[in-house]
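Here's a structure for you.
Naming follows writing order (A, B, C and D), and every chain is counted from residue 1.
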Amino acid sequence: MTLGKWQRVTEWPLTVLALVFLLAYSWEVLARTHVSLCETTINVIWIVFIIDYVVSISLAHDKKTWFKNNLLLLISIMLPIFRPLRLLRLVAVLNVLNRTSGMAVRGRITLYVCSSVILLIYVGSLAELDVERNAPGTTITDFGKAIWWAFVTTTTVGYGDMSPVTWQGKCIAVGLMIAGIALISVITATLASWIVDRVGDEADKRANETESETTRLRNNVAELTDTVNRLRDDIAKLRESPTVRDDGR
Amino acid sequence: MTLGKWQRVTEWPLTVLALVFLLAYSWEVLARTHVSLCETTINVIWIVFIIDYVVSISLAHDKKTWFKNNLLLLISIMLPIFRPLRLLRLVAVLNVLNRTSGMAVRGRITLYVCSSVILLIYVGSLAELDVERNAPGTTITDFGKAIWWAFVTTTTVGYGDMSPVTWQGKCIAVGLMIAGIALISVITATLASWIVDRVGDEADKRANETESETTRLRNNVAELTDTVNRLRDDIAKLRESPTVRDDGR
Amino acid sequence: MTLGKWQRVTEWPLTVLALVFLLAYSWEVLARTHVSLCETTINVIWIVFIIDYVVSISLAHDKKTWFKNNLLLLISIMLPIFRPLRLLRLVAVLNVLNRTSGMAVRGRITLYVCSSVILLIYVGSLAELDVERNAPGTTITDFGKAIWWAFVTTTTVGYGDMSPVTWQGKCIAVGLMIAGIALISVITATLASWIVDRVGDEADKRANETESETTRLRNNVAELTDTVNRLRDDIAKLRESPTVRDDGR
Amino acid sequence: MTLGKWQRVTEWPLTVLALVFLLAYSWEVLARTHVSLCETTINVIWIVFIIDYVVSISLAHDKKTWFKNNLLLLISIMLPIFRPLRLLRLVAVLNVLNRTSGMAVRGRITLYVCSSVILLIYVGSLAELDVERNAPGTTITDFGKAIWWAFVTTTTVGYGDMSPVTWQGKCIAVGLMIAGIALISVITATLASWIVDRVGDEADKRANETESETTRLRNNVAELTDTVNRLRDDIAKLRESPTVRDDGR
């Protein structure tokens, strides 16, 4: 069995599991009931993800490259603090959906980044709430505040009315800040590309004129070829005619 | 009646109504007198906007696409909290003015974005003041402070000397933050496009040289065609001359 | 006398006056001695700037366009609060220096923006200190703090350890924020243009290959022309030879 | 001995010394034991760096240009407060490693900037902790807080839960802010270049079609050349045939 086949077979089950993971994690943090059930679910899904990781790396041809490309996956599996990263698999779904939709590059990037950022803000808020809620001196005490804090952080506004006090909360904050910079960068870059294209339309028109210049040149050569061909016919007649004249003499 | 005709007919009346809406809303929030008159005006305009929405969607050929493209319009009509969004219609006016002015792409984008941001900061301050003014523990107590807060938020500076405490105020803040990121992105992208163009002038010159290379090639072919034509004449003379010679013999 | 000649004649004297203005303003705000002397100097320079404005607009051919393009100048002359804007004339000097230096577009933009930002941070700090120093509840009490605040604002970091409390101070802050966004935008845009160029080197090489393709085509046409010319000679010989044969018979 | 040779010879020893400098500096700030040993190490390395500076400038052909290009180096050697800048030499190592690796422009820029930023955040935190730790009213009291503060500053979030109170700390903060703006700019610019390329793939395809247009034109000319050559053969035969006819008569 190849890695590609394994990934195609496990794609949808793992996505569903990531969704269940998201629900269990949300339930555990927000409702704080049936915590043991949620924990069990999360742990079972964790084991499945570990199995998927081990099978994937054993099926990979170039284990070293695969290991390097999937370092984030390893981190999300090994370190409990980074377990929300497992939800990045949900972003991979978007990838699947996009592959079929035939959208333009810019549209796909925009959709991809917006979805990732929304997911990240939601999961970041959950995780932040989870680690900060009971810390002494905390300001992030309910989910509404956590979402607000996540927005203030991701947009790099940073009022400072709330800020994490635990080191785990600070790690999550750094993650959101980096995500925010990535978000601003991607939006700016996509817009820049769009404006360059819009402005470039005029340049394109000029390029078309160059093309038509080439076309005109081609027509010239075609005409010339015609002339030479007719010339050839003339010569051919010239060659024949003396013979005819010879014969007819 | 088609959707296009409906839009052309209602464009100016609806813009005027949006302006009246802006005045009534400003009056209500800032002066706090004749509140019931302002509310009545806002509600009447609201009903007109609902009628416009219903007529527009019933006239649209592809109702699904129209619905998707006008989701923001629906939100501004359905949710009272988002009613300031109805003023986006004023930005549409700019669109009309620009269509006729024949400005360059970059100039139009800049004008469009600057106007939107100024409108957004004004309306955002109004709305923020409206929802925050009477909240316990608020720091945004008059219009000057609200405008200051809106600038601090939109530019993503975020001193934190004032920050919203109500969830509606936080929603407005998130809107302004996103607008700020959009603003920075558009300015950067427009500038990038401009610099790329400026630097690209040299590249353009080289492109012109390539064009002249094509032109020179074309001249070569033209010369060649001339030569071949003269050759043809020579051949023609050659064909005639033996005949002449024959006759003259 | 034309506007252009007036500007060339007054360029250096006005720049020197702007520099004297900067010194007098700095002295007044920082040292707080000889205040009346500084004020007199500033007022005399102000009158000179008003005279320059009146003469310039009366010399301008298209008064309306000139008025629109120099709105900032009018504001800096009319409103005492915006008088530090008169120092923008110092940035104009840079313009002069650059015109002669033959720098590349990107280098000139970078130098221009960096100088403007440094000048803006210095003047912004001075003006902020001037208006905030004696306000009740102020946090900006000396020049060091004002400079620090100006950097925190311009880079859009916004710690909030200091923030303006007067409305004039807030106006200056908004100016610095906008300058900060402009700074980030220009740096990003310049870098983007540079990277696009660097990456584009490869594309350029391909373009050169296309050019050599055109060159090869040109060589082909040249060869063909040679062949046709030799052909013409052959025909010419052919025409002559029968005549010679005729004569020699 | 030339400057180039000197630099090649001293490259690795100086890099190792910079690393030792980093270790000694970290040890001194974090562990606060063997401080005098660390200080001695730092001072010895400092003397070596001064010697390198003096030798380099005396070997340089164009001393003025070299002086201008190495102003940062001079500052890091002259002013004890900026001594962490000496570690920029470590970034130069990356330069060496990259030169051999044949990475693409964008990859190299990304690697370079990320490494510089990580180094800068680490060293900035160290230096900040060093100068702020014992200041009255400080909030940056341990390395964890310093790292957190450095991230909050570099990403321009600026919560304000911690901010420097000493002027040295503020200088370091300004450095980190500028680095943060550079970071955002480089990421955005690299992304923009990447997106422009991706979107440009379609344009490239069109360019290829133009190329094939040229190729087709070339084929046309080649065909024409063939025709003309055959024509030449015909004429040659024509010239010979009368002779043959003459002979055969």
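Here, a contact is a pair of C-beta atoms (placed from the backbone, for glycine too) under 8 Å apart; a residue touches a chain by one contact, two chains touch by 3 or more.
Protein identities per chain, from UniProt: A, B, C, D = Voltage-gated potassium channel.
Note that this is a predicted model, so its numbers are computed, not measured.
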| Same or different contact residues where chain C meets its copy chain B, judged by the half mark | different
| query | Relative to chain B, which chain has the most distant C-alpha mean position? | reply | D
| note | Ranking A-C and A-B by C-beta pairs in contact puts on top A-B
| request: Would you mind reporting the rotation angle for the C-alpha fit of chain A onto chain D, rounded to the nearest 5 degrees? | output: 90
| task | Could you tell me the distance, in whole angstrom, between the mean C-alpha positions of chain A and chain B? | result | 26
| task | Would you mind pulling out the distance in Å between where the CA atoms of chain A average out and where those of chain C do? | result | 37
| What positions in chain A touch 2 or more of the other chains? | 156-160, 184, 188-189, 192, 196, 210, 214, 217, 221, 224, 228, 231, 235, 238, 242
| Sites on chain B touched by chain C in the complex | 144, 148, 151-152, 155-161, 183-184, 187-189, 191-192, 194-196, 198-199, 210, 213-214, 216-217, 220-221, 223-224, 227-228, 230-231, 234-235, 237-238, 241-242, 245
| task | Using the touch rule from the top, collect the residues of chain B that touch chain D in their complex. | result | 156-160, 188-189, 192
| message | Considering only the defined contacts, which chain B positions touch chain A in the complex? | response | 104-106, 109, 153, 156-160, 163, 167, 170, 173-174, 177-178, 180-182, 184-186, 188-190, 192-193, 196-197, 204, 207, 210-211, 214-215, 217-218, 221-222, 224-225, 228-229, 231-232, 235-236, 238-239, 242, 246
